[in-house]
Each structure stands twice: as structure tokens, then as C-alpha cells.
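Labels run A, B, C, D and E following the written order; every chain starts at residue 1.
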Amino acid sequence: MQDFFDLTLGGISAGAVYAALGLALVIIYRATRVVNFAQPALALISTYLAYSVTKATGSYWLGFAVAIVAGTLLGVATERLLIRPLRHRSELSSIIVTLGLLLVLQAVAGMIWSNEPLAFSYAFDFRGRFSANDLFVVLVVVAIAALVLVVFKYTPLGLRMRAAAFAPEVARTLGVRVGLMLTAGWGLAAAVGSLAGLLATPPFLFPNVLDGVFVYALTAAVLGGLDNPLGTIAGGFVLGVGLSYVSGYFGPEMVTIAALAILVIVLTLRPSGLFGRAKVRRV
Amino acid sequence: MLEIENLSVSYGAVRALDGVGITVERGGITAVLGANGAGKTTLLRTISGLHPARGGRITWDERELTGLAPDRIARGGVAHVPEGGGVITELTVDENLRLGALWRRDRADRAAARREMYELFPALEERSAKPASTLSGGERQMLAIGRALMSRPSLLLLDEPSLGLAPLITARIMGILRDLRASTGLTVVLVEQNAHSALSIADRGYVLALGRVVAVDTAAELLADDGLRHAYLGF
Amino acid sequence: GGAGESDGGGQQAADSAVGVTKDTVVIGTHQPLTGPAAPGYSKISVGARAVYQAINDGGGINGRKIDYKVEDDGYNPTKTVEVVKKLVLQDKVFAIVGGLGTPTHSKVVDYLNSEGVPDLLVSSGALAWDNPQKAPMTFGYQVDYTREGKIQGQYVKDTFAGKKVGYFTQNDDVGRDTQAGLDQFVKDQVVVRQGYDSANTDVTPQLSALKAAGAEVVVCACIPAFTALSILAAAKIGYKPQFVVSSIGADPATLSGLLQDFAKRGGASVSSGQLLAGLIGTGYLPDVAQTSDPWIAYFKGLHDKYIPKEPFTNTVLFGMVQAYTFGQALKAAGPDPTRQKVVDAMSSGALKGPGLTPFGFSKDSHAGYTGAYVFKINPDVTTTVIQPPAVTDRGTGAITPYSGERATPEQVNLVSK
Amino acid sequence: MTVRTKPAEATATPVKQRRTLPPLLVHALAALAALVVVVLLTLVTDEFTNLRIATIGYYLIAVAGLTLLTGLTGQVSLGHGAFMFIGAYTVALLVKHVPSLPLWADLLLASAAGGLAGLLAGAAAARLRGPYLAGATLALAVGLPALTRKFPDFLGGSNGLSFTVHSRPNGIGVPELRWQTWIVWLSVLLALVLVVNIVRGRLGRDFRAVRDDEVAAALSGIAVGRTKILAFLVSAVCGGLAGGLQAFLLGTAAPGSFTPALSLSLLAAVVLGGLGSLWGALWGAVALVYFQAWSEDLADVLHLNTDVANNLPLAVYGVILIVVVLAFPRGIQGGFSKLRGLLRRPAEKKENHENH
Amino acid sequence: MALLGEAQPGEDLLVVDGLTVRFGGLTALHDVHLSVGAGTVVGVIGPNGAGKTTLFNVVCGFVRPQAGRVLWRGSPLVRHRPEHLARLGIVRTLQGLGLFPGLTVLENVMAGAGRHARTGAFPALVGAGRSARDEAELAGRARETLGELGIADLAGRLPGVLPYGVRKRVALARALVAEPDLLLLDEPASGLSASELVELSTLILSLRRHMAVVLVEHHMDLVMEVCDRVVVLNFGEVIAAGSPAEIQADPRVAEAYLGDPAEEASGA
């Protein structure tokens, strides 16, 4: 039973990390209808910057702040330089361009900081069954999700962002600064993504460190319903805890298969995720 | 005053508008008529900045619109109901409506406008929390018109508003336009396939054919001109 | 020649001197330089390159400079096959030296042998490289996992008699072969066996299971990142077993780099020294921290000269020793080296070098290092040898202390200054 | 505007008169010609280039399958490598356990195994769209290869399986690699004939109709779900064959070869070549092989510090992906078509069937 | 609600029997009865949101009713799906267009003619047997239909660049090429010019010889001209049914739908 309890707690903190990166994906998806495959790389670069700043100044929180700011700027730049030219193109174009960016940024990280792992510390003490750091991660993620939900659902800014995403041309004729909204969405998402990177990276930092997290984050977001921040959080925790049990009871080699199984089962029953909007009128 | 001078627009090699000139007085309702493919939709899209002009000028209230971004034109008080309504189906009815006036500063006024629209279209109020995708075709059209009116525009561009609307509703909307013109001095450019109904409320009408203005006159004269009606309006 | 099963074409090739010109010898290798497997391995070729550079700066071997081509395979076997074929067919290398990884390299062994290309000093402890009958061109390098497991097992049995033992092993041949060795000695002490998958960095569930089973000694057949992860996971759940770590994951320099400044936050302070102190490891090369060792001093000199910016870790040393060993074999092949001559030089048993245990190379064995010593990490992250080198076989043979002589750098004198 | 009274007979007669070669024959002849070209190419190039040509071959069929799925049916699959995985392991297991089976049977079974998996995946995926489909297929690419670790004795664990396929008949004086290249291309072209038939025929039209508007497609009598599954099936058959050919060519099947990166580069090839066009699939496959090779050569030429040099090919490849997508909206094939259009503008205007 | 002039089931092609559809709390159709005999044109009119499209959706299998059933040639359609309809001989046009933007006009129409393809799925897969001739035949039919609608010259164009009215015709051609026994037209006249309206009414009248038509429309002139019978829906209920003349005279219809006569003149 002790085992069960430990596995649950472990799963919760892992799930929070999946949810955090998943949130970044959801924000961009809501804001621009693009699945951002470069998200782990944007977060990666910010985290490396945090590493360097922390190393140089000795202050973890300064590095933290730098990472968030840098992440935002990276997101904005990505949207302006790479995504905007693809406005009228198929969703595939943006998938491939963000993939290309993923490769470039991971390579750049390797060039600057080498492909060898670096020690990257936790924000708080990591020791204990549910450590100070675990608590911090979970709280931050839940808070961010709530904030994102409120912004999107209940503020005029959120409404504008959604309108710009769903129907840019119509939104424009309604006075929405569509370009600005899309950029803002990317900036916001990349900031959340950088936060996720900071939370997900420890203990070690290397160019591919977020690959696995990204796959689970996308899985979590899809599980929860990509349009729904709270769904993503739920998806993240379901996945984190579920995979922790699988790893504990059936062996770690089963984890990825289990993720696939969970996803298939959920999507078979609910093709738009656990909390996605159910049926829409099509005719 | 809306002044369009010598406007030309093309899609690649296809010239959709060719030296079109149109003048609409403030507070006027002007019908733009013409057969399929005459360029009516293109004209409205160019006015609201969705499509670049190849040549010519568009001014509204002494302000040049040519070259401005669509959102700036919209914030200048020009509302556009696109062909087919352009309702954002993923948003709820209420969100669609609110979107219409989001750029307006005055919150209280926005709320008041929303109430007015629900009064005009009670069917929408019942469905305000539903996604717009669940609406029927006519309900969507109502929503689109309501959304455009939310911002209390000074110039309203309507692309075939009667499309899919029941006669009763069409008549009601024409009535609303007449009232708004009277109460707020709204200027309307009304593109219609249905020349008869459009000319019945318009002061003036332009007839487009193959991207050129082939006739312009008061609505009454146009209705009376049998030759023109047969040649371009087909009734 | 001993090219038993390879077809006619291969045998001719074996006597050839492809890749050798008047003043160069082209050799190649495949390494994971990028991708998920790069961390931990991407520095091996850096160390090797430094040695080749030193050799070349000293005029080469018998007047020939070594042209070292490193191909990135990203640890993807398909890619390995492609790049190795590229090295053989397009770059026309003389030999493949130090190809890295079991899943990767095992896919090219047949090809290299049938083409008659020397396949030397494979960077993996799998047993497969030692098969002179079927793979006459292939030679191992590091001590194989079973030999090492036996030595670990005997040490644990002697030192921690009666204590509960848990295994924590990588879910592949590393784990399987190591357990085969361990089980010869500590099978009845084992209370739990856990594995990890290198794609999944969350090892807390496994460590929890080890803790729950009450394992007092945890034998860890892990790569460095996972050694560090297990140490951190153990710290997280407040579990303090005695770790015994295989040579592939016990490099103190790498580990202390990975574990520096953890959990300094939130009031606690745990240095890497504290986390690592007392950890028991096995090794066959001298440790980089043993500065008094003549070979360490020698390689440190090369390091400082050619790659001063890289940390001097045992991983770098691994590559340096590998390159140095190849250099010795090439030299031994004489002034007109052919592929067959290099293979003969390898199996001559004459290569004595940096390792603290001997190579197993002979006519009947292509096993690399044949034994290991046991060391303990001190609080200042230096190491102390707690059991001197011993050698054994990969079967059930006895473990015997090794007392042979090591040649010194001066005696080998491969690189002229 | 009146509507005919006697429909069927009225049209049936004239059609019979202008009978042309059946498309199957036309496509088969084209394939034969292509095979001749490939054989000639392998004869004038060195052995390593032969390997690259063969590699292009199996990528081609994988990319063509994905083109059919993604370009024609609009289902974005990020997990196509999973079908290659299945094909490769099928061949590996057959070679190891049923060595008596001829190669063509191995390959056929690999395609069938891929198809079976595609059928299952398609059935699960038919109701998913957009990012949901993308997420699920990505999970497929990540999850499936992990099976090997669950069954290490049978599937070889993370080391995978190694084997050699002896396909070259004794007494043929052709280097092994060249012979293998021929086999690969023969199989690929046979499969391509099937794919081209589908793309150009009624099914291809149904696929595109489903992509464009599912509701209207259903009302036109197209079984939407079944069509989507069929597209998955066909493309998975291609994937399975590609994997089988890869295994045959390289003698390996290991989980490390079928990472999500493989699936994603297949998708990249689809887009690079030109979405929805089978010629595009060819350029995509060529790009897949040569862009990576070039970026590595480039890194070799510039003498750089090791960290930079190690990562440069990756960066260059990423930049190529970005630049091609940004600069050539319709991929390489789109670029070619434009070029051709510029060269002979006035000539052809009437039947402008997109290049499929 | 038993309505005047309702034919017995069995005599009619299509019978809608006591249909009720609810969306959450909203009742879109309530106990709707309707029948369509061979060779007749039945108009369904009503205010926006009255449930006309929903009625079509039930017939086509997009929406499952809470109560009631749909009989086709006397036997009930159970759990039928949209893609089965074409084979049964029912074809529907969509409110709006529903064209395939990535297919040429010809291909759009050919997609609708699949009913006539005689090859099975497998021969089509390998392109063997009759499939090639089949394709040529479909193309022939499609061209012919396009010709009849006067747009044969546009066969190779993509629909996206065509004017709305022309696209509407393409959609109609796609429906007609299947030669259905029952054609469901959802607002075919919207967006058409006055002259095109005249052509449309001629066309519908000529169709009557081969098929039954159900017409949902807001253009009263058209409805009155072509329909044999008209059914009026309001808030999901049938409030009137009868001949066009009867309907026009019905005060309930005027109140719910047409508006007062003065405005009707300008509105329709």
C-alpha cells in the first residue's frame, strides 16, 4: 500500500510537468490552431539560459526570470518570422516548420552547451515523498491553468484571441488586431512552455531532455481535449499517475505502450478528449 | 460620404473590378446589384480592406481607406456582413455577438447594444450560450447582422443579407435598416441578388456587370427601367 | 587467415591494405554524437581524436598519419548500417575502430567480417564481440558485462555477506549479462530485481521497490546518467543502500559533474561529494583522479595540450586509451600494414597498455579487458582501490588476482614528442 | 435546362468506342520503364550510391503511402514509422524462424502485417481529426517499438534482431548491394503501380472528397469511415513494405531505428516533396536521403569545434526544412510544375489534372 | 396530428411518421408527419429555425430522432447512415454549398455519380477489370449533366474561383448525376439571381418526370410555382399542409412566416 501511495505521489508530480508543457501546446493551439512541435526546443533554450545565468550569478530565481522572459521573446519571434508567413497554408506546413525549428534549436543548444548532460537543480528541496519542490510544481501548474482558463474564457482579450484563431479574416473585419493576438498567444504559450521546461528539466539538462516530456505533454493535452486548459491539467495528472502505476506494477518498459493504450481507449470513447466539446453540428 | 473612385481589383489575371466609381451619401442606402460574378462581393471586400485594390481610391468620411488594414477600417466604424454571414461557429452565440463591439471603449454601451440585439432577434437570446455551429442557416444570418450592428457602425456593408432568411425576417431586417438610418444616420451599402427587395428600401442603385458599373440611378428609376431590368437584373 | 565463414571476396579483402597510403591510414567509427543517446558518449571520440592528433603531430605511425573519420549514427541501428557502409565503400577505411553500442554495432559485425574489414575495440561490453570463429575481424575492448558481474558478485558476497541485495539494471544485454555474472555468487542474497528503460528517466518507482524489498546493497548496472538518477531518487525517498556500480556508470568525474549542487535549495545542502561518498564501483582503466598513475599523467598531458576545454573525465580517457591501443596495434603491424597484419597484431597478445587488467586477445579469444578492480569513492570524490585487479572468464571459471606488469608510456613510446 | 430521359444507354455506347489502354497497363509500362532507368543508374554508379538509391526506394514507397493518407485523405499521421517497424520485424522474424520462405513471400507478409496494423489504427483513427489524430499517431510511433522490450526473447529487446537475407542467386555476377537495390526497386515499383491506380481512380477521388468535406462526401454515397480506414490500410501496406525492404536491405530490425524522428521525417518528406503528389513523394524521398547527407558533408568540410561540428548537420537539416516549406509552398514538385509552366505556358490549358 | 391529403404508407416513396427531435432542452421537431409520392414536388417552408434542415438531417441519418420513424418505399430506415442514401436513391443538396474545393468541377460531379459505378472495391483498388471503363462512363455522365446545366465548359476548374451561382449549379449537378428517386433540396435558390431562379423552377418542374423532390426554400415565388404540396413548419410542428394556394391563403402561415401582405411584396 505504501508502494501505491508513493507511486501516486510520484505520478502527480510527473503529471504536473506533462500538464505544464501540455498547457503551452493548448495555448498555442487555441491561439493559432497550430500544434507547436518546437515547444520543447523553445523551453530548452530558455532553460539553458537559466542554467547559464544561475551558474554565473548564483541566483536560481534570476535564471528563472531570465528563462521566462527569453521564452516569451522566442515565442514572439517564432510567430513573427516562421508562423506568420504560413497563415494561409495547410496545418502540415506549420507542423514541418516547427519541426525544423525543433531540430535547429536543439542543435544550437548542443553547439553552445554541448550534448553532454549538465546538472540543473530543482527550485526547492527535492527530498521527501512529496517534497517542497513537488508541491511547488503542482501549485504553479494548477495556478497557471486556472489563469489561462480565465483569460481565454472570460476576458475580452481571450475572446479576441480565440476569434483570431478560429476565423482570422472575420475577426479582422470585427476590429480585432489579429496579428497582435496571434503573436500574444505565442508569447504567452512560450512563457508557459519555458516555465514547464524549468520544472521538467531537473535533474539533468541536455538537448533532448524534453523530448519524452513533450510526447507525454501532447498526449495529456489530447487526452484532456486540446481546447481546454483544465482538461489538459486533468489529462496530465491522469497520465502521470497512470504511467507511474504501470511503471511500478508492470515494469518501466510498458510505460510508452500504456500511454498509447490510455490514449486509444479515451479517444475511442471520446474523440475530442475527456473534456473536449462533444458533438458539433455539422450539417 | 463614401467615395469610390476608379477602383480596380484583380484575382491574379482575372479582373474582378474595373474602374468602378460609386458615391454614397451619408445616411444613404445604396443597393449594388448584378448577376453572379459581377464583382459585388469583391467590391465590399475591397472596401473593408480584405482585398487589396489594384488601382483607385476609397474614402469614407474624408478618410482614405485604401491600404488600411481591415481591423483599422473596422475600428473606423465600418461593419461588414460577409457573404454567408461569417459566423464563427466555434464560439457561442453570445461570444459572436460580443465580438462585434469589442473594440468599443464604452462598456455600458456595449451591454446596451447587446440587449438591443437580443430584442431584435429573440431567437438568438434563447440560444445565447450555445455554440454558433448549432444554429440554423437563417439564425446564423441573423447573428451575423446583429454582430455587425453591435458596434453601432456608421457604414454598414451587407453582402446578400437575405440569403436563407424567411420572408418575415428579411422584411424585419429591411425595416431595421430603415429605422437605423433614420435614428442614427447609418449609411448602408447593400449587395443583393434579390434586386426587387433591395431596391424597395434603397435610395439609389448601382448595377455591376463583369466588374464595371453599367447603370446608376435612383431606386425608383431602376425599378422602372424595363430594359435594364431585363438585361442585367433578369426580371 | 582465419576468415572462416566469410566468402571468397572477403578473404581477398582481408589481405588488402585498403585505406593505407604512403602517408596516411584512414580509419572510421560510428558514434552517437546527437540524439537521446549522445549524452554520456559524445565525448569518447573527442578523447580518441586528441590521441590521434598527438600521434600525427609526432609524425604518425611508421610515417603514416591517421585520418580518423567519425560518423554520427544517433544510436539508430539503421543509421549505423548506412554510415558503416559509407565508411567502407565510400571513404574506404582501413578499419573500424571503437564502433559504439550493442544494438548498433551488432548490425554491422556480419558485414564488416564478410568484407574483411578489421573491426577493432568495439565500445560495448557485450559478449558477442568475442567470437573469433564467426567474427574473426571483430575484437572487443571493455571488460564484458558477465566478467564484471562475476567480480562484483564475488566482492559483494565476501564483503556484504548475509545482507539483502537488489539489482538495478538496464533492460538490455547490459542487465542480462551482468546478472548472469552476479548470480554466480549472490543469487541467494537477491531479494529484488528492478530494471530501467533508458527512454524513461523517472526511476523513483524502481528505487521505491528496491527500498520496499529491503535491499541493503544495490548493484547498479547503469550508464552514468542512470547511476546519478538512482542516487537522486534514493535521496528523494530517503533510502540509503550501499550502491555497487559497474564500470560503465561509475565514473566519479562524470557523476560528480552530474550531481553537483543538488538540493542546495530550500535550506538543505547536499553536495555531490556527500551523495557519492561510499559508492563502490568497478573499473579496468586507471581512474582520472589517480594522478600518480603514470598513464593518467601521460593522458592528462595530452588532454591539456589538445582538448584543454573538455573536462578530463573517464569517458574521455576511455576514448584516449582506445585510440592509443589501436595505435599500438597499427605499429605492431609493421611498416607495410595490411588488414590481416593488424588483425594478427591484435591477436598476438602483445598489446600491453594503459589498462589495469590485460586484454584477452589471442588466437582463440577476442575478448577485451578480462577483469576489473573495485574502488570506493571518497567524500572528496577521489577514489581508493579496495580490491586489486582480478581477472576471470565469461563462463564459470574462477576469479584470480592479476599481478601482471603494465607497460609504461615510455616503454610503449607510441607518440614521439 | 432539361434533364435526360434515358440516361445509362445514352452514355454507354460512345465510351466503348474510344477505348484506350487500361490504366493498369499504362502504369505497369511506366513502372517497367522506371525499373530500367533505375537498373541503368545502378550500373553507372558505385556501390555506396547503389545503397543510397535503394534507400530512396524504400523511403519512396513509405512516403508515397503517407502522401496518400495525409495529402489525399487529409489524415495527418505522425506515426507512420510504426508500420515500417511492423514490416521490418515481420521480415526479421520470418527470416529467422521460417528461413525456407522465399523473399517475395516475406515482403508480401510484411506488407500484409503492416496493412493489418493499419486497419486497426485506421479504425481507431477514423473518428479523430487534426491534432487528436496527430497526438494518437505520435503515441503509436513511441509506444509500438517498446513492445520489443516487453518480449526481449522473441523480439530481441532493445538490441533488436540481426540477420542476413541471401537473395542473390548463385552465379549472378552482380555485387550484392546492386542486386538488393534492384529487388528493392522492383518491389517498390510494383507497389507504386497499385498506389498510382488508387490515386488516379475512383478511390483517389473519394479520398480527396473525404478530405475536403466529410458531410458532402457521405451524401454523395462515399462511406466516410470506410474510406478513411481504407486510406490508412493502403498507406500502412506501403509502410509495411518499406519496413520490410529496409530490413531486407540492411539486415536489421531494432527499436532504435523506428523512433518518432523517423515518422516525423517521413511526414517532412511528404511536405518537402509536395503535398498530395506522388512525384512529390519521389522528391521527398530523395530529399530525405540527400539533404541529410549534404548537411553532414557540409559539416565535414567546415572544420569546427566538435560540439558545433557534431550538431551542425542537424541544424542544417532543420534550416532546409524551414526554408523549403517557407519558400516553396507546394514543395519541390510545386517548384517543378511552376518551372514547367513558365517554360511552356501557352500549350496546354485544357485538361489540367494535377500531377498525381 | 393527422393531416389532410396524407397518403397511406406504402403508396408513397417517403413517409415521415411522428418525428420528434430534441437538442438538449430545445425541441427542433415535434411529431412531424409528412409523405412524398413519386413524381411530386413537396415544399417545406417555415421560419428560420423551424426545423426544416433538421428534418432533412433525420431522413439522411445525420440526426437520430427521439421518436418517430422514416419509411422509404414502405420499409423503415433503421440506423441508416448518410452514405447509404445515395444507393437507396435519395440524394440531398446542402444548405450552403458543400462542394469539394480540392476537386475540379468534373470530379465534384463524378464523386456524386458513384452510385453508377459497377466495379467493386477490389478491382477499383488495382485498377483492373471494368474500373477504367467505369471511370470513363462516369466522366461521360458527369459531363453530360454539366452540359445540361450549361456549365460544361467549366469542367476543369476548381470550384473555389467560380461565382456563387455557378457553384450552386455544380452542387445541383452533383446531385442530379446520381439520378435519384428522391431529391432533397435545401434552399437551392439562395444566392441565385432572378433569371437563374426562373431556370431553376423550370428545372425542378422537369425533374418531376423522373423523381420526387422535397424542396426547402424561402423564395416563395419558386415554392408556389413548382410545388404540388406545401408543408409549413413552425417551431418544429406542422402548422399547415396543402396546395400552394391553400397555404398562401392560410392566416397562420401568413402570421408565422410570410409576414403581412404589404411586406411580403417587398420581402420575397
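The criterion applied here is as follows: a contact is a pair of C-beta atoms (placed from the backbone, for glycine too) under 8 Å apart; a residue touches a chain by one contact, two chains touch by 3 or more.
Chains and their UniProt names: A, D = Branched-chain amino acid ABC transporter permease; B, E = ABC transporter ATP-binding protein.
None of these values were measured; they are calculated from a predicted model.
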item	value
For chain A and chain B, chains touching each	E
Least hop count linking chain D to chain E through chains in contact	1
Distance in touch steps, counted as few as possible, from chain B out to chain C	2
Greatest separation from chain B - chain, by CA centre	C
Taking each chain's C-alpha mean as its centre, the one farthest from chain E	C
Pair sharing more residue contacts (C-beta pairs) when A-D is set against C-D	A-D
Whole-Å gap separating chain B and chain E, where each centre is the average of the chain's CA atoms	29
Separation of mean Cα positions, chain E and chain C [Å, integer]	75
Interchain centroid distance [CA atoms averaged], chain A/chain C, Å	38
Inter-centroid spacing, chain E versus chain A (mean Cα positions, whole Å)	47
Per-residue overlap in chain A, given as positions that touch at least 2 other chains	107, 110, 114-115, 207, 251, 253, 255-256, 282-283
For chain B, residues contacting two or more additional chains	134
Residue list for chain E, restricted to those that touch at least two other chains	53, 60, 62, 94-95
All touching chain pairs, where touch follows the definition stated at the start	A-B, A-C, A-D, A-E, B-E, C-D, D-E
In the complex, chain B residues that touch chain A	48-50, 69-71, 74-75, 79-80, 82, 86, 88-91, 95, 98-100, 102-103, 131, 133-134, 147, 151
Complex contact set, residues of chain A against chain D	29, 35, 37, 82, 85-86, 89-93, 95-97, 99-108, 110-112, 114-115, 207, 215, 218-219, 221-222, 226, 251, 253-261, 263-264, 267-268, 271-273, 276, 282-283
Touching residues on chain C, where the partner in the complex is chain D	33-35, 38, 42, 45-46, 49, 71-72, 75-79, 81-82, 85-86, 89-90, 102-104, 106-107, 109-111, 171-173, 176, 197-199
Contacting residues of chain E [partner chain A, same complex]	53, 56-57, 60, 62, 94-95
Partner chain A, residues of chain D touching it in the complex	70, 76, 124, 127-132, 134-136, 138-140, 142-144, 146-147, 149-150, 214-215, 260, 264, 267-268, 270-272, 275, 307-308, 310-312, 314-315, 317-322, 325-326, 329
